[in-house]
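Should a chain be cited, it is by its letter among A, B, C and D, assigned in written order, with residues numbered from 1 in that chain.
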């Protein structure tokens, strides 16, 4: 059966059946997806420093990439935790206008990702597990950020997390926006809070590109499968953490407790294997990411 | 694993418009197909580097008859049952018939000036060179082939970013390809990345900038966020040279810009020099058992890992009707 | 190796002028010695951190009676037979009598809130805290002691740069102390550097910025080139906050600024947390033999090296009359 | 014998004898030292790229620190060399006004040192020996360079060279100016060309500080012991390479030939030992740097 270029009977049948399916599905956007988008972006949703405050009283923030700047859109530092140490790194949004500006709306520049890498290497040196909290609309799109290598900063952040010998746990706590979120989320365990989202592109931008109409964002949110339930089904996240009734923004302490328990469970599990084995399993996991077909298999 | 496929550059350009000629996007002069082909699709009036399709690129680089395509049967599924104004499957079909390829990357083994390499070339004409599951998987397999054969890996990228229609799975290809690069690194396999116009988004922010040496073609647009997105953010028009290869090099992001007519020679030289170091280290002068070095310990280890992973049960896609692998 | 020396802060300040009082260099208010001492030499009017001598620093940090000075007998030679308008030896003598120290750094073991540490404190009052051969050698021995005892290393720097009178040998202390830091790193010994006012030149450009965690005192001037040199280069007056700790932190060069009244507590916390990671790794839950980790392989190796080096014949200085070591 | 604070008989005697010595020595500056300073700064002296041109025809320059910028005051790249590969990195001055400005008079900024580190790590990965050519008045003293961590960039460059597993050879080819020079010169073998200088501070700056009169630079040059002969005697450099008659600036090809032979000899020697042993010897060498006395020993 020839490969290129391909119009085959089997494909045609599949295509028609897809078209039929399409008529039945999704013409009404799934309100539930958009609700999650709104909850994930809720202005009162707990941010990284809120979780740190409730989870790790002795937190010591460490700043700077030792290269260019300290980026307040990513925070990180050491925390004492059950008689041991953990490195906590996360995106940080602001809550009022001055702090939002200061935190650049949680959109990191290259120096943010490079700070994260520096702290992860420090953790690795001293066998300190790494917890990342993910909550960003995406990496900052600006001229100077591009000039300082935004793409490279994200790539090296991914590479840094791929290399780590220590256990790594990532939790999407709010908006998991594109490469800027993934840069802190290549981990042994990736979890999502129930009302968080994780997406390759914002629904608004997706709608603007594909529908040429950003008011189709709700439709795009449904199509993108960005809710925690979607991502669990796609096996991109290992676990979805239920939030306190009404959402994390109604009970910071409760949300932090849930997160802390999940962290403890994860670490307990991850620390039963050797660093080498852990790294191997990490690679196997990411190697499996994706869905493809080989010729001879039908479309579904 | 490999499958002989002859290189055919006659019938299609990157945007299907090669018949007769094209006008140069930079100086607007009319260029005949013959002129373009003989000059590697570089405008002989102004030096502008016109886009090259993946198959043309392979033809420009690979020694005659040495190209063996890898994983030629991999094609996209529709894991999200994605719907927008068109079906994802229809978009794929159209891209296939426009490019004559079945994904936005072709990978294979080849010889370049008699040097064995694994060569991976992205095709911008295939849905904007977007990276979905198949691009990630083909990149992984190319890296595997490089490690198994001990060939260097040479990758040409051209991409608009992620394949939105595969949603989060598309994003995760950044993580997947990064892990593949880390395996290459542990095996000390030289990896040279050539950034061509345009390389943006998730491809720039993963394997394309993780290479040992980063080469760019003159004038290529290389950025993480696209110019339009940035213009919306800063509410200003960007300068003409924003994100161009030359600006990237001045800002320390690119090792070297090589004009297309020197590309083949220079790439072989660079790969050879990286190989040269390793080759020497293979037969060290010292006797003492040192820490794992070169293709000794680290390589064996990386290879073991890759093999262990290759034996792992692949994740099934929904609805498949028989076992792959 | 260690030699008990009691801590004595009563008779001398950093510039020998503690009797009676001082006026705050920032707000100009008059501060009595009692006020200064009780407030750790921080102005209680404006919060300005006045300079602290090495001995005062030790007294502020070390638990009572726990300080054991290391290498107390090391003193400068005059390898270049350096001459300018004064003799190097005279300058040393003057510095000794002004500071009561015999070099620009004191090193020792101590307990801080019951935590064992190796503590090294530079004395700006001793020839501007300049780093000559003795500073380098004492730093090296402090690092050795940290590795041998498995204590973390805590270093307070204050330096105008290199000791010109020792010429190139002074410059080479940057390389020497860097090698010592690398040994600490291989042994996974936590190393925390506290930059105090002022830390510049070769000290800033070697061990002081190579620590695992870089702490600064508020308001400290931290720069490689001094403000006057830079003003001559750019032909402009520098802004008031040039090179200050706060500016350095904003520019990513400093982890944390800690006011002096919190310093002791916070340092112990940081050192404890770095130690905490290692302590856990000492008794791993897994069985498999992994790559050398923590104080297993890497540590043993670093220690072996240090021991091998410690047994190496020291280079003689000219004219010594009997073997040292 | 008490240590502090110290005025002792032995010391006093030594002091007096020193004073007497001082009267006899050095009141006339050593013209030879100043001549070397002038030769080392000679405007026609071969620079890094001149040596590369004569030594390594297939040199491929690699630019950039992958962080902020490419610094033209330091150049580096891969060269084929006797069937193998070498990484060459050096300071680069300009020869006319535009190129001097472009090269910033050979005074690197942090990005220069970070480029050097990146290239050294690349060399280390592929077991490629590193050759550095040192020729700078010093690191650039500027506000922005300070803000981007000039001190830290030099320190990490030293650390990078301390860590390397591959053989490293440094040659002072012109001005070895302070920390900005040393940052590229922590190597297994350090050599100096006959007419180069290597100093902790420029004679001019030294004179301005110690004599409060920069016209005393010639005197300072003598005091600082900055000639190749001085440094060989102080055991800071392993070898002094003779230059072609009249100096390197009279015969680029000849100077390059001398340098190349010395490189070959050094590498042949360095490659007979294991990386671990080589690193150990490197550490022993730098551990020995410096001259000190312990109490009980007399002043000399």
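FYI, a contact is a pair of C-beta atoms (placed from the backbone, for glycine too) under 8 Å apart; a residue touches a chain by one contact, two chains touch by 3 or more.
All figures in this text were calculated on a predicted structure; none of them were measured in a lab.
Contact count check for A-C and A-B (C-beta pairs in contact): higher for A-B. In this assembly, the C-alpha centroid of subunit A lies 41 Å from the C-alpha centroid of subunit C. Rounded to whole angstrom units, the spacing between the C-alpha centres of subunit A and subunit D is 47. Subunit A and subunit B have Cα centroids separated by 26 Å. Among all residues of subunit A, those that touch two or more other chains are 66-68, 148-149, 152, 156.
Multi-chain contact residues of subunit B (touching two or more other chains): 209, 251-253.
If each chain is drawn as a node and touching chains are joined, the picture fits none of the line, ring, star or complete shapes. Pairs of chains meeting the touch criterion are A-B, A-C, A-D, B-D, C-D. Those residues of subunit D whose C-beta lies close enough to touch subunit A in the complex are 66-68, 110, 114, 148-149, 152, 156.
Residues 72-85, 87, 89-90, 93, 96-97, 100-102, 132-134, 136-137, 140, 162, 164, 166-176, 178-183, 200-202, 204-210, 222-225, 229-230, 233-234, 238, 242-243, 247, 251-253, 305, 308-309, 312, 314-315, 317-322, 324 of subunit B are the ones that touch subunit A when the two sit in their complex.
Of all residues in subunit C, those touching subunit A in their complex are 185, 188, 190, 209, 212-214, 249-256, 266, 269-270, 272-274, 276-281, 284-288, 290-291, 293-294. Every residue of subunit A that touches subunit B in the complex is listed here, in rising order: 3-7, 11, 14-15, 18-19, 21-22, 25-26, 139-143, 146-152, 154-156, 158-159, 162-163, 178-179, 182-183, 185-186, 198-201, 205-206, 209-211, 219-220, 223-226, 230-231, 234-236, 280, 282-284, 286-300. Interface residues of subunit A facing subunit C in the complex, by the touch rule stated above, are 58, 60-70, 78-80, 83-85, 111, 115, 122-123, 125-128, 165, 271-277.
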